[in-house]
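Heads up, the next two complexes both have chain A, just with different partners, chain B and then chain C.
Entry: the complex of A and B
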């Protein structure tokens, strides 16, 4: 309960601080729209030329892209600001202050900042998912559950990568890497050649972040896969926790 | 810039930045990984594209390598130095701070190429014979393209960074440009999949010359164009950057001035 209240306080202060830069927000909106157009165009090329994208219909493939854009919104509005901040704290030694607080440190560094830059991505995601739902039909309950689980999985993966900042100090490129991962998550995994498909499933669990959630919502896969997603997200969350604890043991703080 | 400078001070600069960048090699590896993710699109094209798989593997290998020859961060760092006033002490030295960034980017390139070896190894293992039977003449042309692409992106970074003398922020432009490069430059989609009209339009922009044309040339695909438009773009952007930079320096009063 205390954590929920803290979460609300963080959210409000961050949003009121960010809304000052309206011009920047407009620029972000335009960029996201352009990017989305580019992605749609890239997908359209395959369908226009009649290439087979792993047996997915156009509308179904759009649902995968919608999930990917949703995660992009999660990334821009929630993960990115916090990940940047963690590395800043390690560089400046201010992580010490967080560790001293009587609040769980992983919780604190995970929800400290929020940005409004993700809103345009959420908007595009909503449009894509609504279109897919309107044309080929989706189970709204499964969609919401799948999106929530995909978000948790993505968070855990991002947090594990961000934890490496304790050793690497700089994090700019880790963030860059996560952004690039999302760009590759916008197509159904079954459209890829076998070694790539295995990589996207077992090395980077991208397949479970976009393709599987879309499949469950579309009814291509049964709700049992939601359980699988939940188990996977839970395992990754647990690992991110263990890894964070482990990394903190190696953290020498600013002065030592 | 005399020859003595180039051999002496400049190589010291490159060496210094190399040491500095090597200190962050773990983090830079993530950069190389991020730059390697467009290779995933290779899996899409091998599966769904009309050409044989090895053709695409070759193309994507050379496109990936060309992507590494793209200086990034120049605009960010330069803009940061200008806004925070860190530029001031750098201006006291008898050579331009822009050369720092050139040295930094050259040293980064060396680090990227070494860190990229595992990625190249994986590609080679997935597609045996990826580098067999290449024509040396084409590779020389490819190398020329890479040098030109490096020059263009450095000049672009210089220009956008120098704009910080006049503007608060210009990062949005770069982000949009990189997005365009991803889709219309050939990193993820070989441009010959586009309609002829779109390709004619793109031929006027710098986009297809840093990645698509060099990669198509090296991979032996037909239809690779000469780099003349990019030469003109590079000269134009560099001239503009020099002009903005000099005007900016006149205006610059350091932080607090």
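Entry: the complex of A and C
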């Protein structure tokens, strides 16, 4: 309950911080909308030329893109601002203040920040998923569950990578890498070559973040895959916690 | 009553990677790292009783901040035992964290782009402070620090002094019983320093809080602390009353001379240790047993217009202790 209240306070605080820079805010809105349109146009071109992405219909491919856009929203709204801040805190030593609060430190560093830039991505995701649901049909309950689990999985992966900044301090590569992961995740995984597909599925569970959730919601895969997704997300989440604790032991706290 | 802080044989050793300068040094560093062990704190023991305000002194790099961080639970001690309010700090249990605070003069917890009140509101949620109680505390602290007017301004627009006062407010909102203050007056002007000092003293008295503070400004220590702990190169040099410190390390009095005409320091040297000569005024340190005789000789031999005997400034006493590295 206290964590929920804290989450709300963080959200409102971050919102008012972003509103301080009104011009930036408007510019970011426009950029995100243009980017979404660009991606949509790219996918449209494939299908326009009769290309079919690994046996996926146009509407189904849109569902995958919808899930990817949803994660992009999570990334832009929460992950990116917060992960950036972790490395900033390590450099400046202000992680100390987080560690001194009687609140789970992983929770704090994961949700304190919030950027409105992600909201248009959620809007686009909503439109794409609604269109797919309206044309080829989707199970709404499965969709919500799959989105939630995909979010957790993506979060855990991103958080583990960001945690390494306690040693390496620079986050630049991590953010670039996650951006690339999301870029690949916007197409159904079967659109890729087999070796690459195996890599995306098992080495980095990218396909579990977008393709599998879309497949379950579309009914292409049974609900058993939701359980699999839950297990995978749970395992990654657990690992991210253990890894964070481990990293904190190495955190010397930037001296005076 | 139980001691609030117990440190026994507290030690901290850091492993620091060493790198030779230049490109070759970097290459070598990349292939095979050499580490150097740095003992920041070596076997320091002390205890703090409830309600005590203790000054924690030492030159830069003496191990003050490292010790404070071990007491606050940010660093794990390499050796020794530490208890604060009966807790092992490094476990960072909620019950412990809710009753302590650490203020670092060179690190801000306030949100830079937002008004002070936003940070305060977050802390209220963190520490589960109910709304009416939160309002009462903000009102009380703001009045004590005289910063009511700036609470709604973005932190980045505040002066250093205002910011530090607001930092203290954020750090004490949860009414901690133990305060670790690391250079809380760093860089502040005299007025702001005095305000911060008064606030800390009043808070400690009204709440019965225990305070351990470091400062480079002796005025802070003189105004707040009756007891001081000195550390130098990670070792404890002295632990006791301010007066005992002066008596032990400064068996001197300071003689201030106002002269008819300027004199060379060499001309004053026979009477005591010359600390400063500026035009027609001079300051000398004279050992207490020789004081009467020295003053008599000065009055007889020098063109003295005025002469005063005072306690030497604390800065000089402490500086002397550190230069000589004497063990207490």
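One rule holds for everything that comes next: the second predicted complex is superposed on the first by the 253 of 256 C-alpha atoms of A that agree within 3 Å, B and C clash if a C-alpha of one lies under 4 Å from a C-alpha of the other, contacts with A are read in each partner's own complex, and residues count from 1 in each chain.
What we mean here is this: contacts are C-beta pairs under 8 Å (C-beta built on N, C-alpha and C of every residue); 3 or more make two chains touch, one makes a residue touch a chain.
Just so we're clear, the structure is a prediction, and the values are computed from it rather than from any experiment.
Looking at the superposed arrangement, the partner reaching more residues of chain A, out of chain B and chain C, is B. Within the superposed three-chain model, A:44 lies out of touch with both chain B and chain C [touch as defined at top]. Judged by the touch definition given at the top, the superposed model places A:102 against chain C, while chain B stays out of reach.
Looking at the shared chain after the overlay, A:197 reaches chain B, while chain C stays out of its contact range.
When the two complexes are overlaid on their common chain A, residue A:246 makes contact with neither chain B nor chain C.
In the superposed model, A:93 lies in contact with chain C only, and not with chain B. For chain A in complex with chain C, the residues that touch the partner chain are 2, 5-6, 9-10, 13, 16-17, 20, 92-94, 96-97, 99-103, 249, 252-253, 255-256.
On chain C, the positions that touch chain A within their shared complex are 14, 65-66, 69, 72-76, 92, 94, 97-98, 100-102, 104, 106-109, 111, 113-114, 118, 121-122, 125-128, 154, 182.
Residues of chain A touching chain B in their complex: 24, 27-28, 30-31, 34-35, 38-39, 41-42, 45-46, 49, 51-54, 161, 164, 167-174, 176-177, 179-181, 183-184, 187, 191-193, 195-197, 199-200. Contacts from chain B toward chain A in the complex involve residues 24, 26-28, 30-31, 33-35, 37-38, 40-44, 46-50, 53, 126, 169, 172, 175-176, 179-180, 182-184, 188-189, 193-194.
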